[in-house]
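Look for subunit A in each of the two complexes below; its partner is subunit B in the first and subunit C in the second.
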Partner chain A sequence: MRFLRIKAIAKKELIQIWRDPLSLIIALLMPVIQLFIYGYAITFDVNNITTVVYDQDKSSLSRELVAQFKESGYFTLVAYVDNYDDIDAYLDSNRARVAITIPYDFSKKMRTGNPAHVEVIIDGSDSNTATIAEGYVAAISLRYAQRITTRTVLPVMDPRTRVWFNPELKSRNFIIPGLIAVIMSVVVALLTSLTVAREWERGTMEQLISTPVKPSELIIGKLAPYFAIGFMDMVLAVLVGVTLFGVPLRGDIVLLVVLSSVFLFGTVSFGVLISIIAKRSQSVASQIAILSTMLPAFLLSGFLFAISNMPKPLQVITYIFPARYFVTILKGVFLKGSTLTLLWKEGIMLAMAGAIVFFLAIRKLHKRID
Partner chain B sequence: MNQTSAVKVEGLTRRFGDFVAVDGIDLDIGRGEIFGFLGPNGAGKSTTIKMLCGLLLPSIGKGSVGGHDIMTGSEEIKKNIGYMSQKFSLYDDLTVKENIRFFSGMYGVRREKRKERMEWTLEMAGLEEKRDVVVGDLPGGFKQRLALGCAILHEPPILFLDEPTSGVDPISRRNFWNLIYEMSGSGTTVFVTTHYMDEADYCHRLALIYRGKIIAEGTPMDLRERYMKRYVLEIGVERMVEALDILEKKGMDAAIFGSLLHVTVEDVKQGIADIRSTLESSDIQVDRIERIAPSLEDVFVTLIEVA
Partner chain C sequence: MRERITQMIVKEFIQTLRDRRRWMLLFGAPIIQLFLFGYVVTTDVNNISTALYDLDRSQESRELARRLEASGYFNVRYAPQSPGEIRDLIDRGEVLCAIQINRNFAKDLKRRIPTEIQVIVDGTDSNTAMVALSYVTKVIAKYAWEYAVNTVGTVLSPPDFRTRVWYNPDLKSRNYNVPGVIASIIMITCIMLTSMAIVREREVGTMEQLMVTPIRPVELMLGKTIPFAIIGLLDMFMVTVAGVLWFGITIKGSLLLLLMGTSVYLLSILGIGLFISTILKTQQQSLLATMFFNMPAMLLSGFMFPIENMPVIFQYITYLNPLRYFLVIIRGIFLKGNGFVVLWPQMAALFVLGTVIITISSFRFRKRLG
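And then the complex of A and B:
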């Protein structure tokens, strides 16, 4: 294997990427845009729950209850209404997601030690938000009830929960590390998938395979620049995540770099493989690249949606996607400070996946036209 | 290489499904020869050349190129040849210099020779002043010569050129053939495919290919003498298309060549008389009829009709 030829190919690819505005946009702009979208725009945290209140009691106790909701910071009081039709109007028009109705005998019941029912209507069309809102309502109500009730109710068990690794449950901390896997998968695979197909379309591939170049030399030469770009994107994503979004990086950064490189190698090889298989069509190649990297990385890697919540058959399927292992690694290193002792299994899987794809690509690259 | 032939193949055949693109071709090309492969589009020229270069595996056939087997030694063949494909296959987004440097690397041109070969190629292609121009911006003639240069950076003993003069102006074509002569003179074997019949005369030997088969082979002179048992009359006439129609209806072998008609006849005197009487009785005036030397195109057209 001649290093000279590999160098010539890598250099040529680099020049071509540099001179192609589309490649540059995908390589540099796409990751940044994705980071900003996911970092700022997408959040699972529920705030500003618009609420209307129908206070039939209008006593100091009822007002205190309403104040509890306001002060929690999660609910935004939009209006006070005085009939049920108005409640319907607000919920239907999306001006409010929650409606609290305090019955006229609320304070009387509270004072006489009888259970007082407060009716809470929640807009369930966004079930995620609805569930969380419901939880907040229950918690606030319970706390209020415990304060007001003269008869103290001693609980048999007093659960005190602490959330490890992400105590504020900031969804950003949970999204960004996994996002790095998505960015690298999609951007790198997309870029790389065009490389061989483009040469076939332009006719230069025929020229290339008429030279003594070996498939392994051709592939390594093509991999190198895209690996470098992917590496750069990874560093960028980590930097933005840590400095701009404040995602903690509790683990060893060297471990992060090493394991990311292994994943990157696999992803770039996969892109080249797609390019070889899709042979003469850049458009087909790019479509395959997006479908086979974006969908798994997005939906099946544990990036946004927990794998353990998925139906069993789907959980089994996720094992074939390298992105799954990488997301575990990323969350581990960023949030848990995990070391190699904990992540070696994932590391091995990534390495194996990369090696398989790489050798498959070499085998599939025939130096023949047919 | 012990053998005297640069390329020696027998029964070269290539099928694509049911379609037989190349049907049992035999070739024997000596070192330093300029061998032309002529035929219309779709005749099988490109397919043949790709098999010889190791780019396509023959369906059937045996032989060798540069001493290496065409069935099992494609990678070895590639080390000793230069190939210029039909589309000139240069990188349009790289500059002239970058292309040369790239192919130098690919063909393994030795470090010491690189600068020399770069300068030689630039001079040969007339691109010394344009070395930093992006190839996509170059006119066709320059691209053609640059592509040739890139194919011979490593000074291979055998060169395969697939329609190297397609779409290039006549002056550039002439210059290109001068280059080929120079190379043949220094011992390089050149295998060229073309559909321009007038380029046939530039070759030492040629083969005419039609529908995958070789229908004639020999030097340009051979082909004219051997295959043209008849004579060609050139006719200048006013209503050419009508005249063609009339002559064909009378069973004559006629074809349009530019603004004139060529008719192939067994006997010159009789032929002239027949043609004149036929056309004049249909009220078409004949400006002139004379015998001309058959061009290779005439040869080819005749052969195809026989095939």
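And then the complex of A and C:
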């Protein structure tokens, strides 16, 4: 293996990347845009739940109840209605998600010591929002009961909730660390797999093979520039995430960089492997890249959707994909400040995956040349 | 004119279906995506791994523990003996939720002194944490209420909240997500197919050959897009049938309306694909551009993240997103059985959006040919 030849290949590759600035721009812009959308636009938080109230009682007690809902900050009152048909209409057309009906005898019953039934209808289509809304309703009912029954002194259970690692439950903190894995998988695997396949498609690979370059040198030289692009994406994502979005980086930054490089090495090698398997077709290479790296990184890594919620066979499959280990590492280092003592298993899995893919790529390339 | 368009469509079908690998892309990839997304995209939270630190060991504290287990949401797996043990369990990710019942729980309840229940939740996954908190609150509130009713004959009785869930009574996220997955898959597949097919013709150089034939630009464009409209409808049919049969989702509304909605949706989707193809030169570029569009379009559509929780500026951006409208249509038809009366604004919006995009891209398309 000669460093000079590796350098020459890498230089050639860089020139080629430079000549197609559009792809490069997309490669660097995509992470930034995704960061902004995940950082600013979307959240799993649930507030502003649109609500209609059908207050049949119109008493001071019922108004107090409605006020409790409004003050909670979770419910936005859209309208007062005065029949059940309007509730149907509001829920059917998505103008409201929750409807609260307070019965005629609400205050009368409460004064005579009989429980009055307040009916809360929740639009369950979006089950997640509905579940959380149910919890809010329960909390508000508890608070209301405590408030109006102060005179009788009820036995009170007071749930004191504390949230660790992400006290404000910002979905941003949960998403952005894992997003780094997704961005690196998507951009790097896709770019790498396409450019090598293009070399085959255009026939310039034969020219390269006729030079004294050895397969391992060829692969390392090809890898290097994409490794650099992926590394830049990672640095960009960490910088934007920490400085702009205030995502806490509690762990060791050196550990983060080292483990990211290991993951990146595996991803780039995998891109080359795909392009060798895809046999001269960019569109096939891209399809394989999307199905084998992008979708798993997005869906099977625990980035957005908890692995423990998946069906068992699918949970087993997640172990094949390195993104799974990397997402665990990222979340651990960022939010929990985990050290190598907790993360060594994931680190070893990443290193092993990278090494296997790299040697497979060299062997496959050998075979193609012969 | 009809003759020439028919010829063009036939040519396009032959070209697209000749390559066996392309069948995989057309019909295999959507099915794989349906299964992956269908199983993974779930926000159901069950079996929350829980530690219960019961310092009181009274009948009341055991009753609370029993209720937590009976709710079906919590899986009490650990009974730690010290706060340090709790810390350790959460750090290692063994439990997501830890509940501590204080020493004087039962005594305080009997003396009607507010008694605290410590609830600690791992906030790394903010959504799961929020749902877990919501469940804890619900269970405690219910117990507190029943305890109060059974032990104290109250003068002023607190109201009883009866919650009912409409449209999706079991709160299964799959009923909400599978229609969303279908809508997204159609978008991902069709934009990529259209844009790559046209760019390939240009990259390979056969576009010039087509131009020397008597075919007119409009005919060429129609001939290029109509096959993909047909394939899009086929994909939609296939994915819907698979989703309904496999995941057991029911369609409450009219199938004809769904077909109508799909048609106007495809109009704008194909328009976007056409537009991408008019600005780019190579397949690699058009693939990257497609990804560049699809990612934000999926995130800013209400597919996984409710639109009303986004900042206002992003809410306005969603109005340009065809997926946004189609999600309302497909979910409305599947879950609520909405009719045209409710859904016409979405249909109209898609129609206008589609017409505008198609017009713009056909102008650009003609200019590039001329």
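Throughout what follows, the second predicted complex is superposed on the first by the 354 of 370 C-alpha atoms of A that agree within 3 Å, B and C clash if a C-alpha of one lies under 4 Å from a C-alpha of the other, contacts with A are read in each partner's own complex, and residues count from 1 in each chain.
Keep this in mind: contacts are C-beta pairs under 8 Å (C-beta built on N, C-alpha and C of every residue); 3 or more make two chains touch, one makes a residue touch a chain.
Since we're looking at a predicted model, the values are computed, not measured.
With the two structures aligned on subunit A, subunit B fits next to subunit C without clashing. Contacts of A:94 after superposition on the shared chain: subunit C is touched, whereas subunit B is not.
Once the two complexes are overlaid on the shared chain, A:339 sits clear of subunit B and of subunit C alike.
When the shared chain is aligned, subunit B comes close enough to touch A:7, but subunit C does not.
Looking at the shared chain after the overlay, A:284 reaches subunit C, while subunit B stays out of its contact range. Greater residue coverage of subunit A by touch, when subunit B is weighed against subunit C, goes to C. When the two structures are aligned on the shared chain, A:83 is found in touch with neither subunit B nor subunit C.
Put simply, subunit B and subunit C get as close as 14 Å, counting only Cα atoms, in the superposed view. Subunit A residues in contact with subunit B (one complex) as well as with subunit C (other complex) are 20. Every residue of subunit C that touches subunit A in the complex is listed here, in rising order: 21, 24-25, 29, 32-33, 36-37, 39-47, 49, 90-92, 108-110, 112-131, 133-138, 140-145, 147-149, 151-173, 175-176, 196, 200, 280, 282-285, 287-289, 291-292, 295-296, 299-300, 304-306, 308-311, 314, 328, 331-332, 335-336, 338, 342. By the touch rule above, subunit A contacts subunit B in their complex via residues 2, 4-5, 7-9, 11-12, 15-16, 19-20, 202-204, 206-213, 367-370. For subunit B in complex with subunit A, the touching residues are 50, 53-57, 74-75, 78-79, 81, 83, 85, 87-94, 98, 101-108. Considering their complex, residues 20, 22-23, 26-27, 29-30, 33-34, 37-38, 40-48, 50, 65, 91-94, 106, 109-132, 134-139, 141-142, 144-145, 148-149, 151-167, 169-171, 173-174, 186, 190, 194-195, 198, 281-284, 286-287, 291, 295, 299-300, 304-306, 308-311, 314, 331, 335-336, 342 of subunit A touch subunit C.
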